[in-house]
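Here come two complexes built around chain A, the first alongside chain B, the second alongside chain C.
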Partner chain A sequence: MLETIKLSKSFKGKKAVQDVNLYLDSGESVGLLGPNGAGKSTTISMISSLIKPTAGEIKLNGVNIINNPEQIRRILGVVPQELALYEALSAYENLKFFGSIYKIRGNELDKSIQRALEIVGLQDRQKDLVKTFSGGMKRRVNIAAALLHHPKILILDEPTVGIDPQSRNHILETVRMLNKNEGTTVMYTSHYMEEVEQLCDRLYIMDHGEIIASGTKGELLSILSTEDTIKVQLSKMDDRFVTQVKSIEGVRKVEAANTNLKIIAKKGINLVSELVYLSEQHHIQLINFHTENPSLEDVFLHLTGRTLRD
Partner chain B sequence: MGNFIKKDLLIFWRDRKELITVLILPILLVIILNFAFAGLLGKDTESNLDLNLAVVNQDNATDSLEKLKEKLVNEGLVGEGEANVFVEQASHLDPVSMLLNYLDSDELKGLVTIHELGEEEAITKVEDGDLDGILIIPDGFTVESLYAAFVGEAPTKSLEFKMEKETNNTSILFDIVQGFTDQLNYQFALQEMDALENEVTLPTGGVEKVGAGESFTLTQYFTTAMGALFALFLASTVGTKTGLEIRQKVFNRILLTNSNPILFLIGKMVSTFCLTWLQIMFIFVFSHFILDVFPGRTVSFWFGVIGIASLLSLAIAGLAALFTSISLRVRNIDAANGIFMLVILLFGTIGGGFVPIYVLPDWLQQIGEWTPNGISLVMVTKWIQFEDLSNIFTPGLLLIGIFLLFTLLSFALYPKRGEA
Partner chain C sequence: MKSVMWAQLMKDKRNPLFILLFIAASIVATILFAGGIQTPTMVAVFSEEENAPEIEEKWHELLNVDSSFQFEIVTPEKAREDVMNGVIDVAVNVTETDYQIVIASELPTVSFVQQHVEKVFQREAQFRALEEAKGDKNVRSKMNSYLKNAPIQIEAKGLDGEGLPNFNLGTQLLFAFVFLVAMFMLGLKVNNVTNDKVSGVWNRMILSPIRKTGMYSGYILYTFLITMFQVIVVLILFKYVMNYEVGDNLGLILLIASFFVFSMISIAMLITGFVKTPEQFYSIYPSVIPLIPLVSGAYMMPGTISNPVLMFIADLFPMSHAMDAIMSVVFYDAGLRDVMMSLLLMLLIGVIAMGLGINLIERRNQ
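== the complex of A and B ==
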């Protein structure tokens, strides 16, 4: 139902988003994954008509809406990355104001507010000022404000940044419920792999303003089908040892942290005997050794040579 | 629309610190200033502040009317006959005796004692510390003042005030003399107008009317000046709060909807208007109840005050709109706030919010009369004295003009969608 074609945005000549093609089908839950500065928020701002693209198209049911965004504004709910709330007002007052600018009035507005508060689980705190809320509760009000006009498409921009695990689970649960039970189409942006894995049917991986991979989790993991991820725990760390592991034939990447090594290597090479040999030479014991199923994190590492949190 | 206004008012209401600043602080200042100056002028003076002023009259009044007529005829301004008529009428208007009457008036009795002396003697006595100051009426003062009134120019001879050194006492004396000069100029201005329009007929009632005007007290000045000054602060507060709405990204939420973003700006204007109006009325009414600022004034006087407060609120609403647009435009909100404060302090100073305007240089005073607070100060001053609508009509239009100008500018600067 929603589609972007070669969507691009430059800020003063600097490219923030470049040739992004993505689509959302009705009822889907799609993840947009990428490190900070990848261009996720900029993409969302363009889709939600806050900023004009430098080039490209945004189509809603096949119609380019860049110059007529009224249509999409009506059916789109956006949860911005920053809290967009009046701290001096109560949760209820915030929702009342934000609902009213969607031209929802009177009884209907009150019902919408109570429904949104119920969804995010804040009905009993609605009379309290937002500034007295915890970070997680504020995030939940931030989400509620995007639900008042019953949007068909909900875009959430990193809605769980910097909050406690309990609130985080609550939010993830809320989004899942909206998608599965209410049929809301969801686009979920994050730089937390686990969230996107849990929540989304399909995902896009973004880096440096470009989409570098897309597909279902399985499809993305198959990118790594030619590789194994091996985790090794050592009795002590030794730089020369690491250097020698890197030079083993078939090893593509080695990451060292404390006494742990993460090795990405071509499938099928006999890494074990090489490692045992090298560790004896350096008087290092191998405490633990196992081959891991690759994660999306590994996919990102494979594609960019960096981890998501860098 | 209503939702935008309600939101702004609600946010303002929640900010108790701000509320106290704009409502309580000005009243507190009026009270403090009032008592600080009352110590100097008020109660003490009734007993014995007793300023001693030497008046040295060097003007030979007996032949001044002759000289005036001669001057008018010689300069070919009027014929003999007309000159006679003017001189006849001017004879009722002797500036020197007006000055002496003024210094001897009930208001000033017990405050100033007049000593009519020769110049030498006066100087010695001031130097000895027996007297506080000398007022010299220069030779030809009467002729020059009346002549100036006739041709409508500033008189070439003015009263001279001398003192040994500047003290509180001497500055009070100076204020008194200044007060007279202002009054004199005002009377002559009236006279000049009539002289031109009615072919040199002096209004018989003109002078008396002015004489009957209420005086403008220091407390009234403080009340008005503080009211106008803090109204200005309110405009900058509104700008600052907009800055917060940008920082908190709530403005973006408005852009996400199909509501016209200009409603945000109009909402700011209306809410600022309401807040400013309430603020000014609050200051006037409470100062009045606490200090009896406007004793015995009629209902129609208070209606005038309400009218002036409304016009000032309108101008302030325009200013707040301009600040709002600027806030939405700039990258650095703190810099914008700094600029707002600067504008407010500038308007406040040259509009007479901090110091009486006459201590400023002339050109600044003239600019100051174009600031919203300066204009409203002038309006209130005139309204208190004469309670005559024709006096405040033009400055009232000026306030509306300022409102329109600021509003136009703010609409022009208001970011289009996608720009903010």
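== the complex of A and C ==
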């Protein structure tokens, strides 16, 4: 339904997004995962026609829409990363305003508002001013404001940043419901791997403005099928020890945090004896040792050498 | 456009104190600095010459032509005492042809009084010079009768101090403060454009079917209406409740004010075009605005500013044109035709600034 071809954007010569190819099929739920500054918001802004790409195409049902964005705007709901609301107004008044700019009027407007409020679970607080809301409730109004015109495609840009786990679950549940029950096509960006993992059928991993991997969760994890992730807890941390672990044959990456080590190594090599030998040399005890099932976090680590939250 | 205006109005309805504060600011500033217009500044006149009563009487009459100041003859001792004790701000010690100002401290009123006295004495000196040169004792009355029938009445009255019995610096200051406060108010409202751009509300509007022209005109028209509301309330309070002199032709005055407000909204939009955040606007706008009445000479007697550079700068802002027009309506009974030029200049400034401003704002989006 919607696809981008070699989509690129530079700000004053600095590349923010480069050659991004992605697509969205009707009814899908697609994740865009990447650390801060990866270019997720810029990509979304281009897709939603808020900024013009430096190069590339955006096609809606095969038609390039960069120079006539009205078509996509009509079927698109965008939940921006920032809280695009009037804090001094009530939830209801905010929605009334955002509905009225979509030319929804009178009875129909009121019905749309009540439906949107119901979806995000704020019907009983609609008369309260947004500035009295918690962070999570504000995020929910932010979502409701994008639902008033019944969009076919809903794009959410980090809708759970900085809120409590309960609100976060509520929002994830809402998005899942919109996708599964209402048939809304969803594009969800986040730098929380768990969210995208839970919610999305398919995902794109973005870093430094480029898509570095894409596919279903299973497909992405299979990238790691040749690797094991081993977690080790030590009695103390020692840099020379870490350096030596890194130089063990078959070890691809080592991450150190406090007294914990995360080691990614070629499948099947026998690390245990090597680690025991090295730790004795450095007078370090191995407190805990286990092999983990790889997660998308590990995929990211594998692809970039960094964690998502760096 | 209506939706945008509705949202702005709802926000202000939640915060009516804000507008009341602006109305109060106009009134308080005027009372503080214009010193209560109905009670003109008292100035003592005295002389220590031999024929003091005669000299005092002559200057007393010549000086008392302006309802801003009330000159009163007192004894030299009382004058000095009153100035020392702060009962009055200024006293004038007059001689046959010259004067000396007696003050205790540099109050704002002092320079107004001094400007006025200086003008009267200079004019008298000119008459004397003419009389001496021509040996004609009737120069003064000839001059006056010529001026009464002069082809351009406003200028003629300006030349002759006795022809402007109504001029009142207090009234001028009143309008200067009303406009100053209006400029702050409209600036804050125009800054909502930047606020909404930063918050993302602007982007929501871009994505909606609402037109760009509808968006801009929503903000501009709302700012215009709310600022005019404030100006109208303040002027009505001054005129009917506090009985200040604001002229008889309130309709024409409000027309001039509306051109001024539109023109300043455009300048605020132009500044908006240069800033990225509402905070940047707050750091630029309030430091520029108070300078406008200063260079426009709105706080001083007309004609005080003669530096051509300052006058040129003042002409770039609508305030000098608005003040010119208002003063000629209030004091010289000017009609719509007389102030047309000022109105057109304000319109021109407004259209140019608005065009540039919106252009800059749009360019920032890419």
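In the analysis below, the second predicted complex is superposed on the first by the 310 of 310 C-alpha atoms of A that agree within 3 Å, B and C clash if a C-alpha of one lies under 4 Å from a C-alpha of the other, contacts with A are read in each partner's own complex, and residues count from 1 in each chain.
In the analysis below, a residue touches a chain if its C-beta (ideal position, glycine included) is under 8 Å from a C-beta of that chain, and two chains touch if they have at least 3 such contacts.
On a predicted model such as this, the values are computed, not experimentally measured, just so you know.
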Overlay on chain A: chain C relative to chain B, clash or fit: clash
Partner chain(s) touched by A:73 [first = chain B, second = chain C, both, neither]: both
Touching partner for A:223 - first (chain B), second (chain C), both, neither: neither
Touched partner set for A:5, first chain B, second chain C, both or neither: neither
Chain B versus chain C as contact partner of A:212, first or second or both or neither: neither
Touched partner set for A:251, first chain B, second chain C, both or neither: neither
Stretch in clash, chain B with chain C, out of 79-87, 205-213 or 349-357: 349-357
Footprint overlap on chain A, where chain B in one structure and chain C in the other make contact: 48-52, 70, 73-74, 76, 78, 80, 82-86, 88-89, 93, 97-98, 100-103, 129, 145
Of chain B, residues touching chain A in the complex: 3, 6-7, 10-11, 14-15, 245, 248-250, 252-259, 417-418
Interface residues, chain A side, partner chain B - complex: 48-52, 70, 73-74, 76, 78, 80, 82-89, 93, 96-98, 100-103, 129, 145
Residue ranges of chain C in contact with chain A within the complex: 2-4, 6-7, 10-11, 14-15, 199-201, 203-210, 365-366
Residue numbers on chain A that touch chain C, as the complex places them: 48-52, 70, 73-74, 76, 78, 80-86, 88-89, 93, 97-98, 100-103, 129, 145, 149
